[in-house]
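Each chain carries a letter (A, B, C, D and E) given by its place in the written order, and its residues are counted from 1.
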Amino acid sequence: MAGANGDILVDMRNIEKSYGGVHALRGVNLSIRRGEIVGLLGDNGAGKSTLIKVLSGAVPYTSGEIVIKGRPVRMRSTLDAIANGIETIYQDSALVPQLSIARNLFLGRELRKGPRFLDRLDLDRMNGVAAELLRRVGISKNIPPTTPIGSLSGGERQAVAIARAMYFESDLIILDEPTNNLGVAETQGVLRFVREARDTGHSCVFIAHNIHHVFQVVDRIVVMRRGTIVSDDLSPRTSSIQEVEDIITGEPVAA
Amino acid sequence: QEEGARTFYWISHGAPADPVWTYFLQGAEQWATDTGHSVNTSFHSGDVPSHQEAVRAAIAAGADGICSTSPDPGSLVDVVAEARAADIPIVNFNTSDEAPDWNAYVGGDLLSIGRQWAQYLVDNQLVQEGDFVWMPVEVPGASYGVEEERGIAEVFEPLGITWEVTDATLDQAEIITRMTDYLTANRERISAIIGLGDLVTGSVQRVFDQAGIPAGEIPVVGWGNSLDTTQAVMDGYVNAAMWQDPQATSYMCLSSLLMESSGIPIGFDVLTGALYEAETAQLYHGIMGGQ
Amino acid sequence: MANSTSALPAHPPRPGALRAFVSKPEFGPLVLLVGMIVVFTSINPAFLSLTNIGNALTFTVELGFIALAMTLLMTAGEFDLSVGSVFGFAPVVMWTLVNTGTMPLGLAFLVALLLALGIGLISGLFVTRLAIPSFLVTLGMLLVVRGTALWLTDGFPQRTWNAGEQWLAQVLVGEICMGGEGVGCAGGLRIYMSLIWFAIIAVAFHYLLTGTRFGNWIQATGGNPGAARNRGVKTGRVKIILFMLSALLAAFAGAISSIRVSAANPNSGTGYELEVIAMVVIGGTVLTGGRGTIVGTVLGVLILRLMRNGIVMIGVPGLAYNIFIGAIILGMMALHSGLERRHNPGT
Amino acid sequence: MAGANGDILVDMRNIEKSYGGVHALRGVNLSIRRGEIVGLLGDNGAGKSTLIKVLSGAVPYTSGEIVIKGRPVRMRSTLDAIANGIETIYQDSALVPQLSIARNLFLGRELRKGPRFLDRLDLDRMNGVAAELLRRVGISKNIPPTTPIGSLSGGERQAVAIARAMYFESDLIILDEPTNNLGVAETQGVLRFVREARDTGHSCVFIAHNIHHVFQVVDRIVVMRRGTIVSDDLSPRTSSIQEVEDIITGEPVAA
Amino acid sequence: MANSTSALPAHPPRPGALRAFVSKPEFGPLVLLVGMIVVFTSINPAFLSLTNIGNALTFTVELGFIALAMTLLMTAGEFDLSVGSVFGFAPVVMWTLVNTGTMPLGLAFLVALLLALGIGLISGLFVTRLAIPSFLVTLGMLLVVRGTALWLTDGFPQRTWNAGEQWLAQVLVGEICMGGEGVGCAGGLRIYMSLIWFAIIAVAFHYLLTGTRFGNWIQATGGNPGAARNRGVKTGRVKIILFMLSALLAAFAGAISSIRVSAANPNSGTGYELEVIAMVVIGGTVLTGGRGTIVGTVLGVLILRLMRNGIVMIGVPGLAYNIFIGAIILGMMALHSGLERRHNPGT
């Protein structure tokens, strides 16, 4: 929460993004400090998902600059983001339905054993870690980690995506509406995880429409409307839920 | 192109990868080189509509003459009439078809070729009354096999000899496999084999080897326009094979067109074909470039 | 503001008609077609002669019938490999019935079409009821139908000599000569009735796909079958109808072709399935379903057939024919993908 | 809210459902009265979606009985449910991405014009109604009703599904987590719609993990856990959020 | 309870090994294969004779090589129609080089394989970089490759008579006669080295698909490309490698086949693409990607090839051959779908 420059982990400057005719981001500036949980709020279509997709390399941006730990970075693909310590849990299409829970968890960074070039998947270890993570994230039912994702309920899937971010502790963890399909226990698991992450020095961007969830964890609230950031230094300690909701819907500004 | 060079179209219902058609094509290309006229060639793999379309394209392009096979008896009546109406000479080659009003025909008489094979088997006492003859063909239903089968039937039917046509496909590995399967299953029953196409006759040696049948155990006759077959005839796997003069057929067809387009009408057909045995096989082997 | 929303609901603001046109999925194929015609004509001006156009269109529309029905089927998320064999099978049945004197041409034509409907019904039932991939079902059907045609005729082609005089033949493929004279309609444009049938069916199918409830169901069936079923769309029935339609049009095309070329060979239509699917895909319909365009298919049909005609016209050597066809398909698709990218830079 | 028998719209009796090995519903009994909004709560995998899929014919049930307006009904497909006046907004796969908003809205019950057998889609009318509905459900941006669903944001899609249920006013409207991806304004639109529906005599089943939303509209709360109903007559007027959450997570029962 | 969860993570409780076996996707094809063998043998006991088995397996494994690679490619969500033409092209190149005395067999074999890798690379680049459907790309490639083979040889088959003596030929397709004697290995079982190669590659690919990181990526690429890309999987590279692998194995199979049948015909391999895809699909790999099984493919290869062998062995009339093949495919698929349904009644 200190304002020193060295504390800034990610700095997005004047980001623009158009989808064909739709101007989804209109010059967005956003910095995220180390160990800070930023809540990103805004109505449907405000551009939240687009902004974090730009940051995680999933979508190319039209113009603008991204600086990470003081170094300008060109985000060309998700690999660039992962290499820079950014881990993302997407709102959609985050998992492969045909693969098992464990294989999904480790997709892209599989555990391996055996000599180089003849290495093989260390399925035992992957399954073991997966089972442990499922428990940590609060899935109470006894789901074996070899179950294909396709046969899980919507909430169970979301929990698996969360478990993945827990394991690969990155500098910045982005969660796009992670509590969306979750029940009470699972939601508490996610919020607990976000707090844990902050306490161990990681930063988080947390997107959610449920303001109650946002208020429970974040340090700072950023509100977007129609592709721009309309407010970026609200604190849940100083603002009320009603005030934030009004800013989101644009009531006081329009009135 | 030099002054006075003419353009002829050479349109075949054959498949471009059917080896015998390569020899036909060679004749056409040789002719173009020799005379300096240009020849546009195309293959249509037995597809009648596309064959017709090519003939009409040639008419539209104002060809000086067209050499065309007949993909199916009767299928070219209209287009030939159109060519004639447009004053473009059109000569039939390789597969004869009486129905259209061609300027002439150059090639073997398929009906009579079928008759010759059957007669050869009967005359040499390789088959008797009541025997069974196996006739593999690459494309069942294609005009050549059909005409040949008719000729064969003229000889076999009165003698009560039965036969079966089987589908061998145009793919060599598949041909060998299917023929081996069939031979393994029916070895006792088969008195003789007539290969209704060049690929099947050319595969006989490999099939016998694969099925463990010594050369000569089952008599074989059939088409002989490939090095494989001439070799097989010399090695005793095939008793007699039919030479079709493929290069000559194309060459003669184009020559007759050139003559016709210069105002000298051709009023006659040119018939080709010769049945050869082991003694003369070397001659045809040589023509096709074998040692 | 609420007012402006509901005032113009059916007509979203247009950023210039040209731009809207360019962003249509049919724009790419159209550019390809025009480009191809220009290239061929510049090499051999006879390519654009009336005689050649009339000639090229003849066979084009016969494959086109199949492509039209295939477009609908592919939009619903399935495809049919058996169309080529039905194309060969139907005329064989028809002419066998006529030549054996069993029934007159008109009746035999109907019987052939009914058999085709039966074939489509069986394919459709296998795909929808037993949940077998259409690839396997229609491949199996291809073999059965082709085999039956061979077995029925003992491999002998059926003769169709005097078809030309029958009224049905006139209705289906009668010649119309515009401006020319004599046997080959020399100097004029000769078209067949089949072209008119093609135009009618193309317009009807376009309308069916975009303007009717059934068309909506076709797109929904291919786009998201689960959602469609949840909304009460009988996706199984939609698919079955389209399988029947595809077999029906293949049989119709086969009958027309057999009358025109005076030949009913059990082998005809071999390999048409891949060519027809290629036409549909080039036109912009997606292989996996949900999006289909009849206009695109008409363009795709013209592209692939005129390409084959043009290659013969400009005198490509016979053995190199396939290289050219293949290279042109690849080149055109690369161009197409370039066009798509340019006017849609966001994604 | 009257207990008279004639008031019961739907009565599900002893419903059982297994997916292969998973016993998703274990003898569920649930009645829904006319003009009543039932909130269905429960943790992930509790069987909520399965129960309402059974009721709407999307999934076959293993055993049990469904009685609608006093008549026993065999639900064989979604058509049976629609014919019995049950309209459902599913949690997943409710829309066809390639079709326009208007076409999706009317899918299955398209508006038509022209003579019978030659009838065609009345696209003008469909687009008009769609635009009006979008406005009513609270999508403030000017989205033309001819836009394909595939290019909408997650929340916008959900709003379209809601709009559909609004239009086809049925006896019973089932909403499976309808507010999941919705922003503040859109959520209020949905809740308003649910209230409107009740006020005009329709019944609703409302599933949501956000208890705040549930408490704002429902008349009665039903809680499921592991395939059974553990509580079916809580009222938001007499119970607190905390009490209901405890029942959902099973705390007081287990303790 | 937390304890019991983490104690057995790798081994979910098994409700009986038999039941687990029955619910495997390979169970259906296995039942079909066994049933087919039983039926054919009961009609003609010679079907199970050593000579016939040896004979039937020979060509089977040559198609099998292609099917193995196609399984991986299809699991990644693409397919390759050009394998048949590469099967014909590679040996033509190889033998042209040998017969013109340009290089010895070993080197020519390598050159042919390298060319095939190039072909696969181009297909892969077109599909991944230009986002053209693999149907069109590989159809175009089919035509180009087939055309090139024709043009290279002027259509003449290449002679390969004396291949048998070369060491490479021995390594690839040397004969092994077990228990028989004489030319045809009468009375014994004659197998070719190619069978052993097939077994090695099948085991290797099975392991690759299920036990390695690359296998995980293949499945992810086919199952949900967006998710895979988001996790840093280079889906484009995965597909390109698999296109190259599929072309490589098609060339390898073609070379082996040409040595065995002593013929390198530019036409060979025509139509293999559909047969190979059918083998893979019958084995249980899905056409749309995400799920693939090498074991199933091996079963599918055996089913389709033994069926062809068996039909001839039991003496089906020659021209009815295709009817039977098609009907058996349809019948088996119906049975398969029945089996699937029985052990998975919930859905």
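Worth pointing out:
Just so it is clear, a residue touches a chain if its C-beta (ideal position, glycine included) is under 8 Å from a C-beta of that chain, and two chains touch if they have at least 3 such contacts.
In UniProt terms, the chains line up like this: A, D = Sugar ABC transporter ATP-binding protein; C, E = Autoinducer 2 import system permease protein LsrD.
Remember, it's a predicted structure, so these values are computed and weren't measured experimentally.
Chains touching both chain D and chain E: A, C. Taking each chain's centre as the mean of its CA atoms, D is the chain most distant from chain E. Here the CA centre of chain A is 71 Å from the CA centre of chain B.
For the pair chain C and chain D, the distance between mean C-alpha positions equals 43 Å. Our note on geometry: chain B versus chain E, Cα centroid distance of 34 Å, whole angstroms.
Touching two or more other chains at once are residues 16, 25, 140, 165, 167 of chain B.
Residue positions 19 of chain D are each in touch with at least two other chains. In chain C, the residues touching two or more other chains are 150, 155, 317, 319, 321-322. Chain A meets chain D in the complex at residues 19, 22, 42-46, 49, 91-92, 139-141, 151, 153-156, 159, 177, 179-187, 209-212, 226, 245, 248-249. Those residues of chain E lying in contact with chain B across their complex are 44, 46, 51-52, 55-56, 58-59, 62, 88, 146, 149-150, 154-157, 159, 182-186, 257, 261-263, 265-272, 308-309, 312-315, 317-319, 321-322. Interface residues of chain C, counted against chain D in their complex, comprise 1-2, 4-6, 8-10, 12-13, 207, 211-213, 215-217, 219-220, 222-224, 226-234, 290-291.
Of all residues in chain E, only 81, 126, 130-133, 135-137, 139-148, 150-151, 154-155, 274, 277-278, 281-282, 286-288, 317, 319-327, 329-330, 333-334, 336-338, 340 touch chain C in the complex they form.
In the complex of the two chains, the chain A residues touching chain E come out as 56, 58, 77-79, 82, 88, 90, 93-99, 103, 106-110, 112, 119-121, 123-124, 127-128, 130-132, 134-135, 142, 144-147.
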